[in-house]
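Next come two complexes, and both contain subunit A; in the first it sits with subunit B, in the second with subunit C.
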Partner chain A sequence: MSSFTAEVYQNEYLPAGGSEVNAIVTVTSGAGGEPAKRPDAAEILIVDTSGSMEVPRGKIKAAREAIAVAIDCVRDGVAFGLIAGTDKAREVYPSGGAMAIADDHTRQEAKRVAEKLRAQGGTAMGSWLTLAGALFDTAPGRVCHAILLTDGENLHETPEQLDAVLAACEGRFQCDCRGVGADWQVSELKRIASALLGTVDIIPDPTGMAADFRSMMETAMGKATQNVSLRVWTPQDARTGLVRQVAPTIEDLTDRGTQVDERVTDYPTGTWGRESRDYHLCVHVPARSVGEEMLAARVSLVENNEVLSRGLIRAIWTDDEQLSTHISREVAHYTGQAELAQCIQEGLWARKAGDQATATFKLGRAVRLASESGNDGTLRLLQTVVDIDDPETGTVRLRREVADVDEMALDSRSTKTVRVGPAP
Partner chain B sequence: MTVVCPEGHASADPEYCDQCGLRIPAAAGPPQPTQVLPALEDADTDASPAAWRQPCPVCQAGRSGEDRYCEACGHDFLAPPPVACAWEAVAGADRAQFIRRAPDGITFPAAFAEKRFPLDGTRVRIGRSRAGQDDQRPEIDLAGAVEDPGISRLHAILERREDGSYALRDLGSTNGTTVNDDPAPVSAETATPLADGDRIRIGAWTTITVRRL
Partner chain C sequence: MTDATELRCPSCRSPLEDGDRFCEQCGARLMGEEPSRSGCRVCGAPSEAIDVDGFCAVCGARERTADDRVELDLVSAAAVSDRGRVHRRNEDAFHLERLGGSGVAVVVCDGISSASAGDVAARTAASAAGRILVRALEARTQDGSAAVLEGVKAARDSVERVPWTTRIDRGMPSCTLVCALCRGGEITVGSVGDSRVYWIDSDGVRQLTVDDSWAEEQVADGALTVEQARADPRSHSITHWIGADAPERPPRITALHAGRRGWLLLCTDGLWNYLAGAGELGALIDALPAGASAAAVARALVDTAVLRGGRDNITTAVIEINPS
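Up next, the complex of A and B:
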């Protein structure tokens, strides 16, 4: 079993009549020791082999090389498979409705099959995921992870069909999504990655694919625990207003909870390696009189109903305004990071809609928030879309010529956050 | 071991009540005997079938069967009923105020539907929320399709006084807060008591009338 710790950062003091309790919970897995490297993982590589992957010619070639690199990263004993996706899904390795167990021989075999991949046909991502789910089912009890690589839109399926597949796959495996080139839909891959608790990113240039696949595989192979839930207990008459992962990326879980009993709800967090994530919780509790103290929420990390770690979110009512008006640094920081991600989304949307004024305002605000919080990665991405006159006031000018891949990179990476810096 | 919280709930957690979350003071002397709570079934047999369909006292939604919690707002039907709301605030657009202030670059709204807010908290904040910041949403939130741009995000606050009426305090707003026809802005330090029918003026054209019901 992995070791988990949960730390709570909050200002527990509320003014008289106050009812809103905010806290940041930092969850760290594998602290104080390497998590046991368990071989019982399962990995499926899903590669788009629709006709467009031949154009430009380098794309399918780069995909083949990236798959070979990824296969080399599969540890001995891991169950793995390779799916080629067009308007239907085809199990190209090992074929026969099951998964292969990795060793030198199967890895070589899989690489030989990957070399022969040809691009021809349409795109129906739901069918690829359905097949992946069926294959994972043949290897029960493993930490299941998939990588989906595509270069185009989901043309041969309705959004409803995809949604139904995602609902069926949720909680069964994790899926990281990668889009190559500029002809895929950021919103589509975000939907898949979000439902399947994975990441989404752009690979602007096919030559970058192998390095990205290696890093995804290394992360996936480090996962030791899956189906960990964030369990939130709240008292009578309390309401959970917000459960949001805020680091390393923003992922809203508020509507993803499963009620365990009338006061306890579990939120999915997927698989864990040796890593640390932050969650922002907001709970509305019935106001009590000054001087009283209550537990607003008990947050625990749960694997198969076994509590791995626990943190308490408290509320104390006070008439000392010095205490109650202070906003916890962590809460303030991540509220800003969430606004940053939203400003980028709204700004890009306005830009597409031709609303220059809103786009300038929103992206300007994003520049200011990114600069204030030291989110240099996001600031650099913003610079590809706007010219920054003054980052402190958020004065920017929209660039006339913006490469599609730059805009898509900003869109896909807009939810990346930075951790709160050390206290001043 | 089971302990009893200050509100009388049985709790397995000796520190915070399992039910209401209240801090349980460290027991002095022997632990108190567990109080047996009436079972839900008992509570329900006391209520007549007609009472099951009584509307929720908080949100007025119909009660579904003998459910303990309101389906609409989550109110606990076994909890004591909330204090009846005796005051309300009504926000509207006032042309006279707009003409008097004559703000640059702002137009008077062509249509503005009155917004009613029951006053039921000890502290009721007035302001204009920003999208995505609902964590700090004021109770009287004047954000909407038609917005007065002169209202600050957190503009002013109504504080309940002992007699149930409200007093007004500015929260360091950009454009200040006045009451009725007095041009002097209200203080941020001391609260200004409000009487039935008083009109709070904020922003370019917003008037909030407080009324005793």
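Up next, the complex of A and C:
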């Protein structure tokens, strides 16, 4: 039994005629502490071995080392496998259409195979994911996680082909994506990571791979529950306007729900270790008369139809403006963080399109929002793209020369949020 | 962080044992034990649709619970306490008992909402003072003023023992208190704070208490006129209350010898704030059918305040005094 708690932060008071109810739900999972109680895991490493991985020469070598580090992180008893990806997928370890069970012997074997990886061929990520899915199917009942490493674009597949594969893989395993160097497409990996509820990041220099793989593996090995859903009940005639994960990263789930019955929808949240995440919900309810109170939504964490924890989002109509005009600190904070991510995306897009005025305005607004909310990580990334004259007003100048990896780092990490700070 | 699975009293947040019907700490009846029998009052869904949190599983409406309105009808005396339309809980409390033919002990308290555990303070104060007044009725001999003084002291002692959590925006547990000890036509009234007692007979309506409020003190000192004082934003802030941080000052005590039949009415500001003065109180009672019971009077007055907005909790106790 996993231990989850859900806490709701909201201003439940609405003005007369008001119908929009906003709340932040903080979900905390205490699971994953004791290794003995963890369920079995399955782990697949998917490594791009297309021809470009030989250029520069150190790249494939660094990848081989990173794979060895990752394999050493695989706990005894975990099912694991290694896929080499080109324009087709090849199961290099254990081979034979199944997964290996980790012990000293299989880990050594896998590392020997990894040492022999050569780079040659094209890139078709959908085929890699399809093979991973087939291998995970041979290890049912496990918490399934994959790491996908690439250095280039998905040249040998159409976007439609990739989308079809993602639709088929959703909910079966989680996948963290990493791009090494500056020749891969942030939007492509974002699409994969988003569909498979994983993270996306850049590894600017191949030498950083081993450390990054170790940290991803440690997180993956700590996952104890998978296929946890955020279940949202809303009353008759209500409409769910927004379901968005807002911490640690922004991930919109609004259109990803599965309807359970007339009033209940499940939203996927993937696997959980010992961690805490925040969700922003917005529900539109029919307005009632002043003094009435209603339940606008009931939010529960559900694993295999078992309710792990729940929270109530309420609406109370009042004619006291002091109550109804106050915006919950948590809601305001995450509305700002979402706008921050949006401004970065729009700013970078405008910059690429050569629209300097829009880029300056959007990135300036992003600087201001990051600075106000104490999102120092994002502020540092912004500084690689703009020179900041005044963070409080968001006065910035676009940098003429920006390294591709810096822009891609900002793009990849723009959805990282900070949690609401202590009360002033 | 609260463990969501741990049971807590909806009223005072004390931990509960599985299966408790009432809170050990504050005595509140626990919701979910007896689901509403009539179903949802808004959409008409059957009673099974009302969930353990007291919400309708179809339309989400919050059902009225026992906590929303408490009525006590002792025929010649009655009390009604209503949550009102804005506050989330009822922080008013009353204690009403009849003894023998004409003895009545009554206390009405209003928990101060800017204080911690104002609701617990009000309940504690009402029952502590109520017990002393009932004992005085039983003893027969005790002087009314002495009994009221002792009752207020007991209320204060008990409120000082209410456990509370220090918060920067909340004061110590505290409440107002009005009480009356009635032996036939001999009535002793005590008051601390801005809850009120009225006497209504064929001559009209008379307010027996003086509010311990900023406005009243300014008027009493001659510093401001009644109109000036009422217009001031501070007019409603109270200058005396029951609580550990209250000024060291005795309650105001008034004795009344009622020579003829009439109503003694105690109420919190949730009621009198909705009345355009004492005159309207008399008019409302006069408008009731002849021979209306104490309960009918109390209900009509509370309903009026609810209909006019119900911004605060509303409590009144009505006692029919018949000296003959």
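Note that the second predicted complex is superposed on the first by the 416 of 424 C-alpha atoms of A that agree within 3 Å, B and C clash if a C-alpha of one lies under 4 Å from a C-alpha of the other, contacts with A are read in each partner's own complex, and residues count from 1 in each chain.
FYI, a contact is a pair of C-beta atoms (placed from the backbone, for glycine too) under 8 Å apart; a residue touches a chain by one contact, two chains touch by 3 or more.
Note that this is a predicted model, so its numbers are computed, not measured.
Once the complexes are laid over each other on subunit A, subunit B and subunit C cannot both fit and instead clash.
In the superposition on chain A, A:Leu312 contacts both subunit B and subunit C. When the two structures are aligned on the shared chain, A:Val285 is found in touch with subunit B and with subunit C. In the superposition on chain A, contact of A:Asn22 is made with subunit B only, not with subunit C. Once the two complexes are laid over each other on the shared chain, residue contacts for A:Gly122 go to neither subunit B nor subunit C. In the superposition on chain A, A:Thr335 contacts subunit B only, with no contact to subunit C.
Contact with both subunit B and subunit C is seen for A:Met294 once the two complexes are overlaid on the shared chain. Touch criterion met: A:Pro235 reaches subunit B and subunit C at once.
Legend: residue contacts after superposition of the two complexes on their common chain; A:Pro248 is shown touching neither subunit B nor subunit C. Put simply, of the subunit B stretches 4-12, 40-48, 58-66 or 148-156, the part that bumps into subunit C is 4-12. Residues 234-238, 263, 285, 288, 292-296, 312 of subunit A are contacted both by subunit B in one complex and by subunit C in the other.
By the touch criterion stated above, subunit A contacts subunit C in their complex at residues 5-7, 28, 234-238, 263, 285, 288, 290-296, 309-312, 315-316, 318-320.
Those residues of subunit C that touch subunit A in the complex are listed here as 1-5, 42-43, 53, 55-56, 58-62, 84-86, 88, 309-311. Contact residues on subunit B toward subunit A in their complex (touch as defined above): 15-17, 19-23, 69, 74-76, 79, 121-123, 131-135, 160. Remark: subunit A residues 15-18, 20, 22, 234-239, 241-242, 262-263, 282, 285, 287-288, 292-296, 298, 312, 335, 338-339, 342, 346 touch subunit B in the complex.
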